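Have a look at these structures, which come just after this line.
Next come two complexes, and both contain subunit A; in the first it sits with subunit B, in the second with subunit C.
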Partner chain A sequence: MLHSDIKSRPTYTQLEPDLSGSQHLLIVEGDTVLPGRLDSLAGTFAPVEENLHTWLVGTQAGGLGLGKVWRLPGVADVVDAFACATRGYGIGDRLYVQGTEPFLWSVAKAAAIIGFSAEQIHLHHAGSLRRRVWCTHCHTVTEDVTTSIASCAGCHRHLLVRDHFSRRLGAFMGVMVDAEAPGEVPAVEESFA
Partner chain B sequence: MSIAFKPEETFRGDYSYRNSDAAVLRFPFPFPEDRYMYSVNIEPHVRSGPSDVFLRPFDVDEHYIAECRDKAITLERDPGRCQVLPHMMMAQWDTLELLMENLSADYPEQFSLIKEGDDFGSRWTWINRPLGIEQSFIFGNAETLPCEPFEYITRQAQGDFAICDQRDDNLFMDAGMVTSQADWSLEFDVGMSFMEWHGPVPLAHQTGVFERALKYLLMLRLGQPVRRLNWTMSINPRLDTSPESYPEWGPDRASVTPDNAGQKVHLRVELQTLWRLPRSNAILFPIRCYLASLEDLARVPKWGARLHRVLSSLPPQLVEYKGLTRYLPAALEWLAQHDDGRELPVGTEPGITTLGPR
Partner chain C sequence: MIGETLTLKVAAACAISPSLRHLRLVAADGSKLPPAAAGAHLQLVLNGAARTHRNAYSLISRPGARDAYEIIVRRVPASRGGSAFIHEQLKVGDVLEAGWPGNLFAPVRTARRHLMIAGGIGITPFLSYLADFAFGGADYALHLCCREDEQHVFDPWLAGKSSVSVHWDADGHRLDIPALLAAQPVGSHLYVCGPAAMNDEVLELAAAAGWPASHVHCEHFGSALSGGEAFRAFLAKSGVEVSVGEDESLLEAIERIGVKASCLCRGGACGVCVTPLLDGEADHRDHYLSAAEREAGRLILPCVSRARSGRLVLDL
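== the complex of A and B ==
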């Protein structure tokens, strides 16, 4: 679980079914599924299994006891699935997402667009601490950053990854680390493995 | 009241921005005491105070024309400095009305507003003489303006503006015109809540400053605006110190020496006011920025000495957060010659009415 004193980063909770909902959708990033973990999720969601759909993303792991299981190759497919959703989602729906932070916020954003309110969405951080980094200078997003300083995928500047998080962008802020003294780049550390 | 505008001055390139003697004397110096720490420094925004900048709710000064031009340059290069979320249209009109009414009432020589009615659907005519603008439009109909109402009016005002929507006992930064900010990004912050956008500020969360400030603001009442001063420092009189353009202005921080600090290092003071808006119930947050070089400030003996003391005792977390680390020693060395150690009276007034020669 992710604990931090970064004020702009949300606190993520353990998943548990919200019994006030009538339909439940669980979306799990495959990489973050530890052996045995799906079984324990099945246990957690047993009370709502009748009305549970589970989307397993990028994994062949079994989904026994997770309601109607659907497999998707990647997060982009989740976003597409929401964008093309033919069945209307309503106030009785609850969404639970487990994954790395970039995964959580890609899904949460796509869900918000089709009408999920913040109260209907439950996010649980699991797996790698890698960050999505948004470059303040060229506004390009760099994925899968595990180091304290990363090269921007857009403008190639060395970005210091600041502890400031935007839910809208699902990303941390990256600021040119050697703007004041070009070329003076501090040692890069593996910080978000 | 006539104002001697300086339309040619610049806030980039050759940085020809200068303060007249009168502008130095009315500078909103922010330090009543020799030490500084964050606090809930909010007071009613009444038409009086230790500096003339408080005499009118929206202060217009000699830099008005040049500042509006600098804003237009920044917007041309980066249109994302103005952002408005779709549900903020009512708040946009509230802002336009507030600014037009106050500016025309307080500066009749410069601005006029002719209204055929107060309500949506009425024809209004706005005249801005310094910028040579005359515009008739239907209040409440955005199609009748050259751009959306918030952008339209804030392009014609000094300083930055944020509009905070109030819901769920919180404030959300759902609109902004931000071209002269002290190193924060509207593109990153837009849509954030009060605690989120204040996330990077050190020490103040822990001491409950933000919790109390938010509680206070949620109860802000129509017709009872409040204000506070915030400050940082900038190298050169540059308005656009955004994170977006940091690669351009960052190197200037490494150019400061004890010899040039007096001219290069500027105190940057933000007069921030907070206004409840009538129709949208949102809060308008204008951030009016004043710049003065150390040399300007040291012409007021009390200010030169006081600034030296505040900066020498500033908590290290604030030095780091405000980005002063690289040049603070040079600035302090320059300021030391203006501090003879005498006891200074409490308060921010200059204590003199004319400046000595430069």
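== the complex of A and C ==
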């Protein structure tokens, strides 16, 4: 499901601490934590707990503390926290992110802007497969797309959602599906629930 | 000045310490030289008494300068002839052949901060970095580790530069490398150039401190790597066999008998001289081939690598 012939489609791994890191920051999208899974994450990150900060994002993020815990209402607050970071992050630090793809890439991009290298960032996909879609025609980004064909929030064209992924935008490419035969839209499937 | 090689004239030469000689080289025909960026090196053809040497030296001239190339050459005690030739025979007015400048050690433009660690004469590439950063306002720090009596040798190039620290082997003056590496902010890039043992130590410490590999850059001194036991090499395409002496590299031996071989850095870093190895076991000393390529044993970098067994057969 998360694999594609299109090479730009990212692949994700399970999270585990990179023991060569100095400080570890784990950011979890609360909605994507299955019951009991936070316990298991706590176990996984136990070896680095002394140098671990956890940011739990969203309303569902209850339960356990992993290292020093900070609760944030939404992904916009994570982005702000990076943008306004007064504490300097170190070149040996590691960032681990769990969540849906739009969440992962919003966080990864905010971290990259303040200097994090791709090698310092570990992403684990969890929860919904919903996609952020970038319209190749009007360049509008449509959020929370779960269907194989979606209406563009900007120009309302019917967009075929491709696996072609942009790390810069954190979005999949959407191209007009009925450009050659207007109105002929194939059956819409719920592909990214 | 267009051609495969450059013809340079020694415009000035002076000793800046008992073992360091500074050279200023201009185009022999008075024209402008090709510009080079920070971190670039120049390969000089040195016609010594015994044989020809081709040695690469970092350019310390201001990046982009077209009037002259400047280098500093250390007289190596166990010199294979190149540095001895420059120190003992080369004089103002002499003409030298050189390759076009190459660059395998350019600063990373996206870096938030540049951290440079130099060992002795390994400071040379960083002198051009400093000249470059002075224009761009980049955040940087240079740490020079050298002998106590050489701490002021490079002052003419360091004058007015902030964030330069000099360290030597005495209590209170040694560089605490682990502490330095641990204190660097996200987005930093590390550059190290010095003797092999120092390079290896810094690279190891950086990995241990969690530095991403893509943020760590190293330039090795090539000449120290290429000597060893004598061996023979057969060049299959040319149909000739050559014996490689203890103090010459395989590449130098190939050049000596007049077979043309591509090369750029002559230090095992760039991979331009990579040659198919048809038979024999290589002693790989380069920094270019992957572990898998070394294991496969089908390629060799003749600028630094030698034979483990008695004879190599090259597809050259």
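Basically, the second predicted complex is superposed on the first by the 182 of 193 C-alpha atoms of A that agree within 3 Å, B and C clash if a C-alpha of one lies under 4 Å from a C-alpha of the other, contacts with A are read in each partner's own complex, and residues count from 1 in each chain.
Everything that follows uses one rule, which is that a residue touches a chain if its C-beta (ideal position, glycine included) is under 8 Å from a C-beta of that chain, and two chains touch if they have at least 3 such contacts.
Just so it is clear, the structure is predicted and the values come from calculations on it, not from any experiment.
Peer 1: So, on subunit A, is it clash or fit between subunit B and subunit C?
Peer 2: By the criteria stated at the top, subunit C and subunit B fit after superposition, with no clash.
Peer 1: Taking the superposition as given, does A:21 touch the first partner, subunit B, the second, subunit C, both, or neither?
Peer 2: The second partner, subunit C, only.
Peer 1: Which partner chains sit in contact with A:173 here, subunit B, subunit C, both or neither? Use first/second/both/neither.
Peer 2: First partner only, subunit B.
Peer 1: Go through the superposed model and pick first if A:36 touches only subunit B, second if only subunit C, both, or neither.
Peer 2: After superposition on chain A, A:36 lies in contact with neither partner.
Peer 1: Is A:120 touching anything from subunit B or subunit C once the two structures are fitted on A? First, second, both or neither.
Peer 2: second
Peer 1: On subunit A, which partner touches more residues: subunit B or subunit C?
Peer 2: B
Peer 1: In the overlay, answer first, second, both or neither for which of subunit B and subunit C A:183 touches.
Peer 2: A:183 contacts neither subunit B nor subunit C.
Peer 1: Using the superposed model, determine the angle subunit B, subunit A, subunit C defined by their C-alpha centres, to the nearest 10 degrees.
Peer 2: Between subunit B and subunit C, as viewed from subunit A: 60 degrees.
Peer 1: Give one of first, second, both or neither to describe whether A:88 is in contact with subunit B, with subunit C, with both, or with none.
Peer 2: Second partner only, subunit C.
Peer 1: Looking at the superposed set of three chains, what is the minimum CA distance between subunit B and subunit C in Å?
Peer 2: 5
Peer 1: Enumerate the contact residues on subunit A facing subunit B in the complex.
Peer 2: Residue positions touching the partner: 6-9, 134, 136-137, 139, 157, 162-169, 173, 175-176, 179-182.
Peer 1: Tell me, which parts of subunit B touch subunit A in their complex?
Peer 2: It is residues 80, 185, 187-192, 195-200, 205, 243-247, 250-251, 253-254, 326 of subunit B that touch subunit A.
Peer 1: For a test of understanding, state which residues of subunit A touch subunit C in their complex under the given definition.
Peer 2: 18, 20-22, 88-94, 114-120
Peer 1: Mind pulling up the subunit C residues that touch subunit A in the complex?
Peer 2: Listed in rising order, the residues are 112, 181-188, 207-215.
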